[in-house]
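Below, subunit A partners subunit B and then partners subunit C, in two separate complexes.
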Partner chain A sequence: MAIRRGRGVAAINYPTGMNLGGDPTQALVHSTPTGNFMVTLSSVDLGQGMKQIMAQICAETIGVPTDRVVVDTADTDTGPHCMGTFASRGTHRAGNAVIQAAREARQVMLEVAAEELEVNTSDLETDGQGNILVKGAPQRSISIFDVALSAHFKRGRSISGRGMFLIPRSYPEKETGAMKPSTCYAHACTVAEVEVDDETGEVTVLTVKNVFEIGRALNPKMVEQQLVGGSWMGISHALYEATEPYYPNRDHGGTDFNQYLMPGPGDLAQTEIIVLERPSADGPYGAKGPGEMCANPQIPAVANAVFDAVGVRIDTLPITPERILRALKAQASN
Partner chain B sequence: MELRKSYFADQRKDDLHEIGQPRPRSDSPSHVTGKTAYFADRNFPGMLHLKMVRSPHHHARIRSIDTSEAEKHPGVVKVLTAKDVPHNVYTILILIQIGPEDETVLADSKVRWKGEAVVAMLAETERAAQEAAAKVKVDYEVLPAVFDMEEALKPGAPLVNEYHGQNHYLYDSGECRKVRFGDVDAGFAGADHILEQTYQSSPIEHAPTETTGCIVAPEGNDRFTCYTNTQAMFFTLDNASIILQMPGSKLHFVGGTVGGGFGGKVDVIVEPIAILGAKLTGRPVSFIYSREEEMQISSPRAAEKVVIKDGVMKDGRIVARKVTGYTDAGAYSRHSPYGAQKGAGHYPGPYTIPNVWIDTYCVYTNRTPSSAMRGFGVTIGDFALEVQMDKLARLIGMDPLEFRFINAYRDGDMKAHRQPTEGAALIECMQEASRAANWPVAEKYLSMSSYAKGA
Partner chain C sequence: MAKVPVQFTLNGAEKAEFIDSGTTLLNALRDKIGDTSPKGGCHQGTCGACSVIIDGELRLSCLTLAETCNGAAITTTSGLSEGGVLHPLQRAFLDAFATQCGFCTPGMIMAAKVLLDHTPSPSREDVVEALSGNICRCTGYEPIIQAVLTAARSNSQHAA
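Then we have the complex of A and B:
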């Protein structure tokens, strides 16, 4: 009886968004007299930070700092339509809608600034700090706050924009299955290193090295929080979780977190995250949807590492100590 | 976390100001200081609490329901049964014409899984609602149940759901969603080795910190505001509108920060019945799942069974792949017909294989309906595919990572569902993993690229 070590690899891809019924999200952007910009949506922030990302996308497009943008979302009376936050679609679909809305608002903003500065709109640029400058003559400038005041009280303009992003529905061809099931794809490769106690069947994940390609990382810190959490969830799925541990038997289902097991702080693997960025052609600033796929590659990587360690295949999830011991017993009797 | 900027540098312009910056989240301070408001932080005067009477049987006919004792229980304000629900038989994907309607808001003549909602109890307190629920007498005739997908698909198996007529979803393509590419039989005939393996999974729980729920307030102008943690505002509103036969203009849905979804909050379960309760009592109604309900009543990730048959050459090329996938939908469709179809669009994984055959089935059994979850239609498939890849590599005596380089898809390669590959990056991920994990591969693999040959 011994502690045996093994490692396994897995590589995956993952589609962004759903196509079943068409996949629309809309956005509205407008300025207030304070020079701040409002993004109005009906998308839902699930805690992953969608509001922050929409603010950064709007700020980038209009040319202002992110803290000048406020996001109002998840209200069906005020927000335009969104299919919802699922299928790794939030950043990609809503982000594209916000870009379109913000571009239209930026155009009005530049038109008002051009009138104030008595130049052509095409001669203007934003400095990203809240000012609009004449290209090549930065001493001729106007603050976005003053532009907003002018629009509201003098020029009678609405600095606002409408955004719409729609992936049309794709019907699978009946006989061949030809279809366009999604837009861009994210990628990952994970190497997991485990120790398996061949006496107890217990698996300890020592290290997990994840390489994720997610298109452009719009906010690297938020990407990190999602990828680290996803990596943990993948390990939990591989080794711990089941609402019906003896599926298809319905008994023994957990009803709280004492019975429904997940890895605790003492079970955390040493986790490494490396991110590659291949900008997607259709994503907002090249983003793809990393939300779902980051929890997938750890599962087969751990399964393959368990085999590498003790020479038995557990082809049924979760890979519990009981299943490992039964497989070891079967192997020994063969 | 490290950003490896050396890959795909030719495809990025680093000329952005706000994008790519690790700006602190504007909502973090309120999250970590406990100031973020969630839907359940609201409290309205006169608010009622809704609790469900649930089926103790996996499959049973309902002979009669007697709520008379429950109605007399102190604090009980209203008791709802199937006849109170205007459009009781529904399915959420009917919004995009994916029928048939196959599920009851409150069970009428049958229950099809243990835990199914039968009677809704509205009372002044959670405790009164719970106690009154225990006083409802339902006379059941227990029916044979089926829990195993293989058993369910056999002739003569108990019929789980009459609205389907058989224990699988019927696609326009027949009993399964199909993908056919190349000639899989010819591929197997020419292969050096063939490996067929079966993979399975159990249902798992989304385990959000915040359980599913909503609070509905009548607005006095014939409108109802539903404070909810749904992941999809209009999708839920539109389904509630159908179930309640109430114009969407009468409904106002308000969300906010949600304490985790992971796909578990797109099923439209709590909102319609809570709105109905508010309409019939004229009082605010709170319906929030307990942790037990979240774990055993709310949809889990489907259990799946995946059978993969591969033909592989000694030099490492996979020449044929046949995948048969089964998704255990439980008793009702919810999002599962789409999940099974998404699987069909995902196989054979990120590899270029000339001959592919895919069948994916959505199967009905007498268990908690499954539905969407993070990685819907893909996660279990990836587990199966990538363990299979490991087995294939070992079968032909090749390093598992090198074996994947040989088969990895690249830009321009035609996928089985007949879309050309774009924006591929599998090869580069594996190159970086090789370095990061000190897993050496031959130099020729480190100089490969996902870009199309000659590009």
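Then we have the complex of A and C:
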């Protein structure tokens, strides 16, 4: 009886969104009288930071600082239609809709500015700081604050835009069955190092090294935060968490935190995160969906590491001490 | 049912309320007094989201009857900032991206404050031990541990 060490590797590709019935998200953008911009969505910020990302996308498209954008989300009674926050689709689907809406609003904003400055719309550019300048003659400029006042009180314009991003339903080809169930794919690879006590069946994850390819990281710190949390969650899925331990039988399913095992701060593996950015062609500013993806590769990597350590294949999650001991027993009797 | 009077100080301010006997401190704070910084995660003492400080000790407000708090001094996360300036722990949580959905954050900050009040220069193991009664779904804990260690360091620099 001994503590045995093993190492496992796994790589995944993971879809951004789904389109089995058509996958739409809509967005509306409008300016307030003082030149702030409002993004209206039905999409939900679950805490992953969607509001911040949508504010960045809107600000980048219109050409204003991010703090000039307010995002109102998650009221499906009053907001434009969104399928929801799931399948790692939020940034990609809502982001594309916000870009479209913000482009239309920007066009109106530039038209009003052009009237005020008595130039052509095509001769104008934004400085990203809240001003609109004449290209090549930056001394001729107007603040977006003044443009908004003019639109609202003088020229009777609504600086606003509508955004609609729809991935149409994909039908399988009759001959081959080939279809396009999603849009761009994120990728990840994980190496996990574990110790397995072959007397108790207990697994300790020593290190987890992850590489994630997620398109462009629109907010690198928030991406890192998502990936660190997701990596831990993947280990938790692999070793601890089960709503129905005898699935599909509901017996002994956890009903609260006393019965549903969730690791605490004492159960952490040493974690490393590397981000590769390969901007996607159809993503907003190149983004893909890193959300669900980041909690997946740890599971097969841990299962492979357990196999490397003690030579048993556990193909049911979570990989509990009981399952390891039963497999070891079966292995010994063969 | 007859109401019961309770009186305590909350973040330095006198509070007095009539409550139903058996009301938890969590519900009294949130529903009667309007301090929603303690969160009701499990209402059975297993998640730590409702943690508050009572007379200097970390307590679970979901398992504490409000009527046992007469005369006590209660601190919650909403009382930590002074004059609009965030407490070093709050600042460190922000800087370290130690929150995502934010539901566990007030409880984490309360647990960390009691730790730093008693152990100004904690080891990583001290921090892990202090946070072991608090569950977080989003962060994987590491950013929270780092935030508490950073706050401890900034405190000791101020003291020096």
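Couple of notes before you dig in:
Here is the rule we use: the second predicted complex is superposed on the first by the 323 of 334 C-alpha atoms of A that agree within 3 Å, B and C clash if a C-alpha of one lies under 4 Å from a C-alpha of the other, contacts with A are read in each partner's own complex, and residues count from 1 in each chain.
Everything that follows uses one rule, which is that contacts are C-beta pairs under 8 Å (C-beta built on N, C-alpha and C of every residue); 3 or more make two chains touch, one makes a residue touch a chain.
Just so you know, these numbers come straight off a predicted model, no measurement behind them.
In the superposed pair of complexes, A:Met262 makes contact with subunit B and with subunit C alike.
When the two structures are aligned on the shared chain, A:Gly49 is found in touch with subunit B and with subunit C. In the superposition on chain A, A:Phe165 contacts neither subunit B nor subunit C. Within the superposed three-chain model, A:Phe37 lies out of touch with both subunit B and subunit C [touch as defined at top].
A count of residues in subunit A touched by subunit B and by subunit C gives the higher number to B. In the superposition on chain A, A:Ser231 makes contact with subunit C only, not with subunit B. In the superposition on chain A, contact of A:Met222 is made with both subunit B and subunit C.
Overlap of the subunit B and subunit C interfaces on subunit A comprises residues 46-47, 49, 221-222, 224, 228, 233, 256-257, 262.
Across the interface of their complex, subunit A is touched by residues 1-5, 7-8, 11-12, 16-27, 31, 58, 93, 95-98, 114, 147-149, 172-174, 177-181, 197-205, 207, 230-235, 237, 251-263, 265-266, 291-292, 295-296, 300, 303, 328, 338, 341-342, 344-346, 349-350, 358, 365, 367-368, 372, 374-376, 378-380, 382-387, 389-391, 400-401, 404, 408-409, 416-419, 422-426, 428-430, 432-433, 436-437, 439, 450 of subunit B.
Against subunit B, the residues of subunit A that register as touching in their complex are 7-15, 18, 20-22, 42-47, 49, 51-52, 55-57, 59-60, 63, 65-67, 73-77, 79, 81-87, 128, 169, 172, 174-182, 184-185, 187-191, 209, 211-213, 215-224, 227-228, 233, 237-238, 241-245, 247-250, 253-257, 260, 262, 272-281, 285-286, 288, 291-293, 295-297, 299-301, 303-304, 307, 313, 315-318.
Of all residues in subunit A, only 46-49, 221-222, 224-226, 228-233, 256-258, 262, 264-266, 268, 271 touch subunit C in the complex they form. Taken together, the subunit C residues at the contact with subunit A in this complex read 41-42, 44, 46-47, 97, 100-103, 127-129, 131-145.
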